[in-house]
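In the two complexes below, chain A is the common chain; its partner is chain B in one and chain C in the other.
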Partner chain A sequence: MTTEEILANLQTSFPGLAKAELPIKNYPTWTVPAQSLRVVCERLRSKFSFDYLDVVTATDWSGPASPKGYPRSPAVTPGATPAAGALARDVFEVVYIVSSLSAGLRICLRCEIPRTEGASVPSLYGIFMAADWQEREVYDMFGIKFEGHPNLIRILTPETQQGYPLRKDYEHIPDKFD
Partner chain B sequence: MTKETSTAIKADQMFINFGPQHPSTHGVLRIALTVEGEVVIKARPDVGYLHRGMEKLFEARNYSQALVLTDRLDYTSAMHNNLAYCLAVEKLAGIEAPLRAQYIRVLVSELNRIASHLVFFGTFGVDMGAFTPFLYAFREREMALDLFEMLCGGRLLYSYMRVGGVSADLPPGWIEKCREFITFFKPRLKDYDTLLTSNPIFRSRTEGVGVIGAERAVSWGLSGPSLRGSGVNFDVRKNDPYCVYDKMNFTVPLGKTGCCFDRYYCRMLEMGQSAEMVLQCLDALSGAELNPGEVMAKGVPKMFKPAAGQAYAHVEASRGDLGFFAVSDGGLNPYRMHVRGPSFINVAILQEILAGCKIADVVAVLGSLDIVLGEVDR
Partner chain C sequence: MGIVLDNLSKIETLPGGEIALATSDSLINWARTSSLWPLTFGLACCAIEMMAAYAARFDFERMGVFPRPTPRQADVMFVAGTVAKKMAEPIIRIYKQMPEPKFVIAMGGCANCGGPFYDSYSVVKGVDKIIPVDVYLPGCPPRPEALMYAVIKLQEKIRKMKVKNGSGATPLQATGSRKLS
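What follows is the complex of A and B.
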């Protein structure tokens, strides 16, 4: 079964599911509304043997990045940080890559959510155990909450960390290590 | 980081901090263990002690400058990191490396895999109380590092690959030196088997310990030899070939039960396969069909602006499926760069498989997953 057929099959139950306009190169890319993300993944796993979660990550499209986010890098001057350009919009884009090891297929799922303080998407914990730490990482870096995750706490940065480093408006607060 | 302390335990239990300064954690990993007698009841791995904010740093450098950051991820197999990064950026910018560069990339990747698995072989032996194999492993590894030094000047952090190819062609005499190394190295694999693989103490400490079933391994997203040790046939080199791996003749070793020994032995067999692939690449490179000297794609500037878009490229690194997710906004710097570190994902399963283990087996299980903390914490 090709990914096209799988998409057509899923679209009958989830009309919000669509092909992305700007795909991830060489990979079939779909956009999923946040509310049907978990059901789509469940269906992909149980019906189409997509049993392997490669990647969970996110992009903050609000650009440009604040130069104050890089305290020790003299190379960074205003304007040298990426600007998002025409793509700038007030959203977080959560990106999932799921694959079927038996069929050798790989699908990217993209889910756009409004860029607010309490931005949240449903957690894939329970469908894929690999979501456990990867979702914690995204939470740590972007502050996106994953509803249903049993242990959503910071993973890479210390609990004293203020703010979410990969948000474009992140500003570094000097601490005792500076 | 986990705020795991000794407060919530019962009277007959004990709380143990394994690491972050423990030699067998191979870096700075902390595992918060709750034990009852000798049996581990609960284990919570705690990472982040080596976090350098790599993904943030990528955004403040242009594509050529960011390459040197990738070396510092998994520092025992820097070539794979360079390769995965270059493939992602090449895909983003629509660049294709010349065929000769692709052969060199495969060649150095496989050589690096040997060097990296030798570190595993040596340190895993030390973890299990056998010091001698370490000395043998590092003797051979030194030869591989000498070859890399001849190639690019670096012994550990190479930055040898460039977006669009590799920085320089093989120096004169390198192919012969490399052949000498492989000729010396291949019989050593038998030595390793007699030294460690067939050692009864080593066998009894690893066989049947830390078993990961195939279904659990897939669900937890394990990759590399840790996944193949459980008998799951997934190798990026076969399933999603990149460079010239589709022209290489090799097999993917698989384990049966998913115990520590299976993961160990998968790596040992992989070294033999890597040595074969190195020879195949050397044969191809010593001919004249691949234009000597043509190792960079034409017209790739030092600073370039890929069109706005997203790309994902992954390679089979020594520790598993290493992926780079790159987002461009059309500017000089990557707008976003995400690293899928196989060590980071492999280490998460510890919380499940350590529960029920004997405390002495914690070291065996951790060692058999072969993590590098530079990649876990990024």
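What follows is the complex of A and C.
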């Protein structure tokens, strides 16, 4: 079964599911609405033997970082419409890569959520156990809350870390080690 | 035992060669310099060079440098690599667990000053911000010969230590147990 057939099969139940305009590398890439993310993954795992979660990561699309790099200034004013042709928009995009080891298939799932302070997506923990630490890392770096995660605390930075470092508008506040 | 007493300062062999007189400083410092036991502890790529220094080609053990797996038995800590802020608390903790006198060699650019991570949100810019450092060893990473040179410099420092009043080779060591964050 090809990924096209799987997509067509899933689209009968989840009309929000679509092929992404911008694929990640040359992987088959789908966009998933946040509310159907969990059920789509459940279906992928149980019905289509996608039993391996490679990657959970995220992208902050709120414009390019300042060319000076650090500290960055916010490039997109929240709520404003982006310039024509620009990729920058006021969203976080959570990216999942799931694999089927038996069928030899790999699918990228992109899930856009509004870029707010308490941005959240449902956690995949329970479907893929590997989501545990990877979602904690995304939470650590982007501040995206994973609803239903059993232990959503920082994993790479100390508890004293202020803010979320990979957000484009992150500005470092000196702590006791600086 | 192969100890060449003539080469040690302030040690005098009495006629007959059965009794040697020495100041306690020279004997204690001789013992300390010849058995610098480092903690088995590496943080990043500098640790690879440190392991190479322990291995057969460079043979650190001929200098008395013999890695110990517990801080309770260690005299010197090679901070070999980038000190992330998450790692800062464990480093302070194992430093406190080492018995006095204890020495620290900051190995490589990251441990000296942050190195390429000088503006990072997650890296301690120099391990001397959290623990006192005796020898700074630059390089990215330093070769095993450079680490040996740092140990020789540390030995030179230890030879200047005095037992009297617990004074050490550095003002920081003279204060005994140090003030840590």
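Basically, the second predicted complex is superposed on the first by the 157 of 178 C-alpha atoms of A that agree within 3 Å, B and C clash if a C-alpha of one lies under 4 Å from a C-alpha of the other, contacts with A are read in each partner's own complex, and residues count from 1 in each chain.
Here, a contact is a pair of C-beta atoms (placed from the backbone, for glycine too) under 8 Å apart; a residue touches a chain by one contact, two chains touch by 3 or more.
Predicted model only: the values in this text are computed from it and were never measured.
**Q** Report for A:I153: first if it touches chain B alone, second if chain C alone, otherwise both or neither.
**A** first
**Q** With the two structures laid over each other on chain A, which partner does A:K25 touch: chain B (first), chain C (second), both, or neither?
**A** first
**Q** Touching A:A130 in the superposition: chain B (first), chain C (second), both, neither?
**A** In the superposed model, A:A130 contacts chain B only, not chain C.
**Q** What's your read, chain B or chain C touching more residues of chain A?
**A** Of chain B and chain C, the partner in contact with more residues of chain A is B.
**Q** On chain A, which stretch or stretches are contacted by chain B in one complex as well as by chain C in the other?
**A** 70, 156-158, 165
**Q** Under the stated contact criterion, what part of chain C meets chain A in this complex?
**A** 85-86, 88-89, 119, 121-122, 124-125, 129-130, 181
**Q** Give every residue of chain A touching chain B within the complex, in rising order.
**A** 22-27, 51-55, 57, 59-60, 63, 65, 69-70, 73, 75-76, 80-87, 95, 97, 101, 104, 106, 108, 128-130, 132-134, 137, 141, 153-159, 165-166
**Q** Please output the residues of chain B touching chain A within their complex, sorted ascending.
**A** Interface residues on chain B, with respect to chain A: 1-3, 47-48, 51, 53, 55-57, 59-61, 65, 91-92, 216, 218-221, 232, 234, 239-240, 308-312, 314, 321, 323, 325, 327, 329-336, 338, 340, 344-345, 348-349, 352, 377-378.
**Q** Using the touch definition up top, name the residues of chain A that touch chain C in the complex.
**A** Those in contact with chain C are residues 70, 156-158, 160-161, 165, 170, 172, 175-178.
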